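Labels run A, B and C following the written order; every chain starts at residue 1.
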Amino acid sequence: MLSAVLEQTLNGLMAGSVYVLVALGMVLIYGVMHVLNFAHGVLLMVGAYVCHFFFVRLTGSYPLSILLSAAVLALLGIALERAVFRPLQGNLRNQVIASLGLILVFENLVIALWGPNALQMKVAATAALVPLGEMRFSVQHLLVIAVTLAVVLVLFSFLKFSKFGTAIRATSQDRMAAMVVGIPVERVDWITFGLGTALAALGGALIGPLFIVFPQMGDAPMVKGLAGILLGGMGSVPGAVIGGFIIGIAESVSTVFLPTDYRDSVAFIVMVLILLVWPRGIFGVSVRGED
Amino acid sequence: MSAAVLEVSDLGASYGGRRILESVSLRVGASEIVTVIGHNGAGKSTLLKSVFNLIPWRSGAIRLQGRDILGLAPDRILAAGIAYVPQSRSVFPKLTVDENLRMGGYLLSDKALLAARIEKVRQLFPVLAERAHQLAGTLSGGEQRMLEIARALLMDPKLVMLDEPSIGLAPRMVEAVFQTVGMLRNQGKAVLMVEQNVRKALAASDRAYVMELGEIRLEDAAPALIGDPRVARLYMGRR
Amino acid sequence: MARIVLGIFLVLLSLMPAMAEKQPYLLHVLILCFLYAIPAVGLNLMLGYAGLVSLGHMAFAGVGAYTAAVLMVDGHWDFWLALLAGVLAAGVAGAAIGAICLRFRTHFFMIVTLAFGLMLYSVMNNWDEVTRGAAGFPGIPRPAPLGGFSFGPLPNFYYLALAAALAAFAVQWIVVRSDFGRVLAALRQDERLAQAKGVNTMLYKAAVFALGSAIAGLGGVLHVSFLRVAAPATFNLAESINAVLIVIVGGAGSLAGPALGALVFVGLPEYLRAAAEWRLVVFGVILVLIVLFAPQGLAGFVKRARA
């Protein structure tokens, strides 16, 4: 029992890592632009396909393919910000509806280009196993967690200590004030959007080899990332990290006690409960006029 | 009369087709404190926002030391020498006081210069030096106002625009704010201020304009306006 | 003018089974149009008229469908009673869940509707004993003959679907014109003002949420009766997104919007010779373009063309 819980905790950390990467991107974009991009999970999926493409067809190098995928998705995110979300600025309803349209576009574009069937992405790190006590985990499994933690660390340092990172935080706290002090808020918008989609691509590229690459692979991470964001407090960046990990661990550990069918429901129930009884989440963020 | 720092001529402004400002002209001379008074909704805030290019539609001319700045983006206007402190709270509540000040110098690429200016501002506002690492949102209302004004000095502006700096502050802090305005002049800044606290604002000013329904109705030296029965009846009766 | 066009349109629709005798496929497509238009009418009342963007709308259609399925197959209920029960169940679920969702605004409202939609879907997908789980609920009957009129043959089911769709549009028409509809419109314009005038905005919004869900339930019951199987995938998030798409493309807040949207979403692609995924890509792009450049949707174009 205990070892099952431990094993599932480690599994949960891995799944949670992906939720964290999704949640970070969504929460950064939400903070700066007040856009809730429901297409974020689909962008994770596109990132996985792009990584697969670079890895299998072009380079043969997994790390290089991850970087290329993140770069391509950053460009895609910047284009979307420019063409779709910026023109709709201030119109929250239409931004959400446009993001639903983007889900349709990308999910089906991928099916049209790659077909509906899942792809395999075999990397050496998936086959290599490391023993941890009685259990054995693949290197890739641990790599996902390690890379996510490293990314979180770098991102936090960037936001905390760099001038542009501070400007991103400033813009998300008060856009008008940011304009008043001369922060180029539109540049903050597109850079944040590009950064957020690159993080989603990283998530897709990291889990691709562990599971399979398929057109709906981003749906669950999007919803669970969102659950993590709510748990951490809508708009809080550290909250998104902690919330994402908690959701991942909670749903994995739940499989020890509940039928695995209910694994996904954990996140939905957490979402609703959080909103009902604890709407400000762990970090108690006040969200602009939205409670 | 000294050369104008700011010269606004024939300024019009609209929000989504609704005309708010009608042919407004005013000037602010070097080291001069100029106040615009008027009832709520007269268009005072719109005037300051128009100068800072935060209003979608404007016409007329705005000159800073003779240079036309009407078409410049807000960050360019700031770089050119106009700082603006809006009416609503505008500190970054979850950044520290220091980080707020550094954001005030966002457009400075010279780190040494930024550090020197922050040092100078800390001397002018010792309370901000004490609170350097505190989150700005935890400051009192008056301290936040001071931080906003201090932050506006980081770009070493020629003109500081203040929108109702004393609004919502305790009486003691109101005094401090108007003293600070005087201090800005001692630092060689010109000040264009909008105020509802007419008596105190006029006492602190050199000249003033009275605005009604988007138009300038009166212009005079501040002491003269304090004595003007129309101003007393319309704008000072309520306080 | 509009009435004449509408009249001709209705006559054409009712003559369709006779005219398209040799084209069962056309009838099939039209039936699907009706079945998609019905929940869209419910969502149009919520989204278009009351400004409530629900991202879990089709889950309520599922509540109706599964309620009726269980009652008909396990409870041996008559179709019509089961239909009524399904509509009521969807309405009650809408009222209860709506009351919770409506405690939230803007993004949070959307997220909660999304979460509830996923939860309901998860129940349909996993509660094997009752819903038969992911494999689907087979053996759902078509309605029993009514006065000798059997609903088995395609043309006859066509009339049922048409009648249901017309009923849904009639309800929409009545609601929009009623005092209730006018209050909803006022709410959407300025909720604070409506509140200040003493309107219990919560009650009105919960009512429209319940009504919209009940109408979705009607569509859901007919849909599974038509397919003779209820599958969770008919009521998942993707379908809820499609419902939003239909309403927006058709024209949110316009009476004909859901019909135009469903026609374009279901009808047109059947006759476009492109692979299914490219059609959906095109629809996604159209949706984004409409949101960007023509927020009134197709109904807006029609209106402008007439003006």
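Following the convention adopted for this analysis, a contact is a pair of C-beta atoms (placed from the backbone, for glycine too) under 8 Å apart; a residue touches a chain by one contact, two chains touch by 3 or more.
No experiment lies behind these values; they were computed from the predicted model shown.
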{"item": "Chain nearest the global centroid, as defined over all protein CA atoms shown", "value": "A"}
{"item": "A-C against A-B, pair bridged by the larger set of C-beta contacts", "value": "A-C"}
{"item": "Rounded Å distance, chain B centre to chain C centre (Cα mean)", "value": "55"}
{"item": "Intercentroid distance (Cα basis), chain C paired with chain A, Å", "value": "32"}
{"item": "Centre-of-Cα separation between chain B and chain A, whole angstrom", "value": "42"}
{"item": "Residues of chain C that touch chain A when the two form their complex", "value": "51, 53, 55, 100, 103-108, 110-112, 114-116, 118-119, 122, 125-126, 237, 241, 244-245, 248, 275-281, 283-288, 291-292, 295"}
{"item": "Chain B residues within the chain A interface of the complex", "value": "52, 54, 74-75, 78-79, 84-86, 88, 90-95, 99, 102-104, 106-107, 151-152, 154-155"}
{"item": "Contacting residues of chain A [partner chain C, same complex]", "value": "30, 36, 38, 84, 87-88, 92-94, 96-98, 100-109, 111-112, 116, 219, 223, 226-227, 230, 234, 259, 261-262, 264-265, 268-269, 271-272, 275-276, 279, 290-291"}
{"item": "Parts of chain A lying in touch with chain B, wherever the complex brings them together", "value": "163, 166-167, 169-170, 173-174, 176-184"}
